[in-house]
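Here it is, the structure in full.
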Amino acid sequence: MIVVMKIGASDAQLNQVCSKGEEMGFKPHVIYGKERNVVGLVGLGKSEMGIIEDMEGVDRVLPITKPYKLASKEVKKEYTTVDVSGVQFGGEEITVIAGPCAVESEEQIVKSAQYVKAAGAKMLRGGAFKPRTSPYSFQGLGEEGLKYLSQAREETGLPFTTEVVNPRDVDLVYKYTDMFQVGARNIQNFALLTLLGQTDKPVLLKRGMATTIDEFLMAAEYILSEGNKNVVLCERGIRTFETATRNTLDISCIPVVKERSHLPIIIDPSHAAGHWHYVPALSKAAIAVGADGLIVEVHPDPENALSDGAQSLNPDEFIKMMGQIRTVALSVGKHM
Amino acid sequence: MIVVMKIGASDAQLNQVCSKGEEMGFKPHVIYGKERNVVGLVGLGKSEMGIIEDMEGVDRVLPITKPYKLASKEVKKEYTTVDVSGVQFGGEEITVIAGPCAVESEEQIVKSAQYVKAAGAKMLRGGAFKPRTSPYSFQGLGEEGLKYLSQAREETGLPFTTEVVNPRDVDLVYKYTDMFQVGARNIQNFALLTLLGQTDKPVLLKRGMATTIDEFLMAAEYILSEGNKNVVLCERGIRTFETATRNTLDISCIPVVKERSHLPIIIDPSHAAGHWHYVPALSKAAIAVGADGLIVEVHPDPENALSDGAQSLNPDEFIKMMGQIRTVALSVGKHM
Amino acid sequence: MIVVMKIGASDAQLNQVCSKGEEMGFKPHVIYGKERNVVGLVGLGKSEMGIIEDMEGVDRVLPITKPYKLASKEVKKEYTTVDVSGVQFGGEEITVIAGPCAVESEEQIVKSAQYVKAAGAKMLRGGAFKPRTSPYSFQGLGEEGLKYLSQAREETGLPFTTEVVNPRDVDLVYKYTDMFQVGARNIQNFALLTLLGQTDKPVLLKRGMATTIDEFLMAAEYILSEGNKNVVLCERGIRTFETATRNTLDISCIPVVKERSHLPIIIDPSHAAGHWHYVPALSKAAIAVGADGLIVEVHPDPENALSDGAQSLNPDEFIKMMGQIRTVALSVGKHM
Amino acid sequence: MIVVMKIGASDAQLNQVCSKGEEMGFKPHVIYGKERNVVGLVGLGKSEMGIIEDMEGVDRVLPITKPYKLASKEVKKEYTTVDVSGVQFGGEEITVIAGPCAVESEEQIVKSAQYVKAAGAKMLRGGAFKPRTSPYSFQGLGEEGLKYLSQAREETGLPFTTEVVNPRDVDLVYKYTDMFQVGARNIQNFALLTLLGQTDKPVLLKRGMATTIDEFLMAAEYILSEGNKNVVLCERGIRTFETATRNTLDISCIPVVKERSHLPIIIDPSHAAGHWHYVPALSKAAIAVGADGLIVEVHPDPENALSDGAQSLNPDEFIKMMGQIRTVALSVGKHM
């Protein structure tokens, strides 16, 4: 870490910083400046830089080490491709996951799977365990929902991803799913992340609505550090002062993640927008900016959906949109 | 809900909105304006207002009903007092919880308890299960930590609150704690909230860093709606663009919650500030604005703390601060 | 406006709201609900809805009327095309404005103009009056800069846009420029907006970093309401908690503005990103999402630029990027 | 500045950074780390650190120098007291400015002055030039308003502060006012700040709603660097995702500014809250946290105010509040 001393800090204060740094396991290295001095603390000492920050004569402390290693492109330079039951994330193919917010019935999810497959989606989505802001809202069908998803997979051949919200359910969901989904609200549910890191199934990890990109990669690190290397990231909008959309899609997250990490990343335009009529435009932007794929809410009958109907495309709109993004994919050297 | 039609929307579009509303279980009621018309949909119909929002000719839909009931002051007009093993939250007494971020050893927590009791704190805090942003940071002592906390309680008589992060640990923590603590990262861990709502021990519920006040009260509703009426809220800072402090303490949250809800609410100045030297000023502001108490990080030796050392007061500073806030409490008609 | 009464509000309180509404020039219209009542106040009364919001028995007040008219698509349904000395904004052609942040010398701006014209840009940008966060930074060449810009226009035929920051300079800038530019910091400099509305030259209006989309359209309304109909909007990123990019490009702003307003809108990826290597990806996203054009920082020698060098493309990268976005434009049915 | 190299950056890349640094006028100083190297660039070179940030092998660049000098407590260690026609800001006395948002008539402002003086306010506020989000709202009385303010001063002896929004009006406002007020929307209206720095009257500088504390101090630096040392800062809330209050009062701004700067700072609870009934609680918090004073909106008849009625206290509430904050002031060792 770099310790910036105050203008006019005394030699004694500088020496105390050096001593404290040594005590914490660092090797101090002073740079004498015209206006103020700076101490580099080299090595892998105790990480609590706040302690130094609060010493007399210290203006600020700047961290040098990135908190994530396994997720970092500095450590692994080649981009990772994640395989989910034969479907690839990363590389030159754009992969689209589609389906309803929640599994509502066998018929609904099988129909959804058939529609989205016909339109070109490679994977199905559908929630069996729903985290809802209100305790009075529909909370999902649970294991029954997982069975319907499996039925849909059998009939269409589409692998599926589904959310797990409780560490207790990891084993249950494991039995059915092709890919775990971690929702935005659970980005720092470390108990859950750790357990998922101990399984051998891929994880779709959604960014939280107040999570910085570095914290997002730290959450991925929780999974990677337990041994599970198959993490696909998902940008789904952050919370800002703007209320015209449900969240603010942070489209720049894609080039930033591509620079800092080797992990594949897709975009969820449905949760970002909160209104289905903005979804096609945002999907085109997602492909153009370099995302590896999309996860889109599609419902056979959005007006009667039990959750998120307003942000779900109906099958016709989804087919139309898939045609549009196929062309955009070609224009940036990818295909679908 | 109120449906605002577009300027120039046709009669047919207006009629479709009314029909759809009726279909969803509402009674439509049209207000004809000079510039545009408005439809009131009265009653308790299906709540997916997004569906109506996306109909032709509709400009916007405005919700009328608040999503929380049991947490609302409209429903219960008298302020609630929560009793935690004889310590009160709510009313004219300011209650201070203090202690280290994490339990590190029996000696550390017993000493902490003695110090904070001597200074006037009524409850002890200390984490046995720590949610950490990095998988490589100290994660807490687990059940051993709970035993040390109990030991500290035995020696000082101070009840304690400690965080539970995993639904799986609720039974274990229940055996030891006087009050569950739900951290900011778990504000929408609904599986955890539901389980805590089924216990008979009080819950200290911290606001998430991107949680609106209404969502905060919704999270409380999850606990209340399961039957546990003993919820104490805690404002601990929200995430904004400002980086001078770790979070931005939303001090206005106190008068807003006091207007909307009957639940007691305290402030955590330590996590809001992120630097111990801002804690006394923020604590004084917290008491002056009308908070029912504080939860403050105090460590017998902050420079060697295993977590959050930079934001922990040492015992001397804590004693000094307690004297100051006692005077501020008197100035607003309360006591400690 | 719609007045939502509290649960249990008395008849007297309801009547007071109706009387107050009438006094303010509205016609009150009560909707009796199961749980609570609602009052519609119809007509064009005094706009201070806060007064009603603070009356006894009132829970909330919801506005119905949009604050902007002339900028609204409800009022003017066809999209507007703005002509700047023969260059069009709006319609099926993507228009790219490019050039350095600041005019530094005649040679620099003439060279820049030649480079960006060769790459396909239709307009030149360059600041003569620079608003800088620090009083110690380069503040621009003033009128000399305007002369150099005119020289560059003469040599290349490219019209230019340049920022005006002071109402006092409007007349001076008018003499030279083809299009006024209003920077993000001046989005609510109403004195400036009013003066620009009284001229007959087009205005490029940049969104402020904490401006909602509705406030952005209100700022446009200031110009339109003075008689100047030639406003081109520009999204350039908003301020959020994320620090990986200089600002967070709000890409969703494009489909939202296209739904609410008839005005053309372009994107500034350079200020949003703050790093030139993110600019090509964001530019492709901008075209794909439906923006009418781009304004991009290009400098003949970014490493020695007097401002914003880090976010400026060099001519080679700009040429390469222009080729890429041309393909993306075609993929969404537009051309360059 | 400190240049952090990437893990695995080559020696050649390190050398290029050193050379570039020298070329820019710095003295390079390499610290060799276990994992990565760091280059300190010492001295006062060219400030564009983005150029270095974009070089090959560079991970990040960290600034060392604070961008403000004259506003900094590092440079001037004693707190500044600003005198406004005999009224002091800074020191042990709490100074309250009060009055209506806008001057509406001679009677209204004279009455306001009498009321607020009777309650203990030391200065009057009132807007003659109003920046309004909508071009259709009341824009203020202009010079007529300034005359009424002067009349109120004559009758009560209270000096006044009034907003100036246009550089063109600085001379005019100078003739009447005791203290210029710069509103939140003009925090980066550098033309205005520069002109005010050239006058000899004190300036009340309000923080912008998306302005960091460091940018706030930079705006003060604009005024100070022109020679005017009489700047009083004012925190009035920042824009966040929370909508329960008009803005989010950043109460922590006070201890942070007190640490970084010697300038006095007051709080505007009225604009922060947006509702008068939150104002007393926030005012008490402001005094307790260490602010040097308050600026509060008070109107003789808030229900009929031409602007900001909802956030204005009536005279009775203001008197009551003044009594409360007097007690809080005593509790923190100050007086009113």
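Every chain is named by a letter (A, B, C and D) in the order it is written, and numbering of its residues begins at 1.
Definition applied: contacts are C-beta pairs under 8 Å (C-beta built on N, C-alpha and C of every residue); 3 or more make two chains touch, one makes a residue touch a chain.
Computed from a predicted structure; not experimentally measured.
Ranking every chain by how far its Cα centroid lies from the centroid of chain C, the top place goes to B.
Comparing chain pairs A-D and B-D by the number of C-beta pairs in contact, the larger count belongs to B-D.
Centre to centre, using the average C-alpha position, chain A and chain B are separated by 26 Å.
If you average the CA atoms of chain B and of chain D, the two centres end up 30 Å from each other. Centre-to-centre separation between chain A and chain D, using Cα means, comes to 38 Å.
In chain A, the residues touching two or more other chains are 210, 239-241, 243, 277.
Chain A meets chain C in the complex at residues 210, 212-214, 238, 240-245, 248-256, 259, 272-273, 277-278, 281-282, 284-290, 324, 327-328, 330-332.
The touching residues of chain C, counted against chain D in their complex, run 20, 47-51, 53-54, 67-68, 131-137, 165-168, 185-186, 188-191, 194, 208-210, 215, 218, 221-222, 225-226, 239, 274-277, 302-303, 305, 307-311. Listed in rising order, the residues of chain C touching chain B in the complex are 2, 4, 6-8, 29, 31-36, 38, 40, 42-44, 59, 62, 64-66, 74-75, 239-241, 243.
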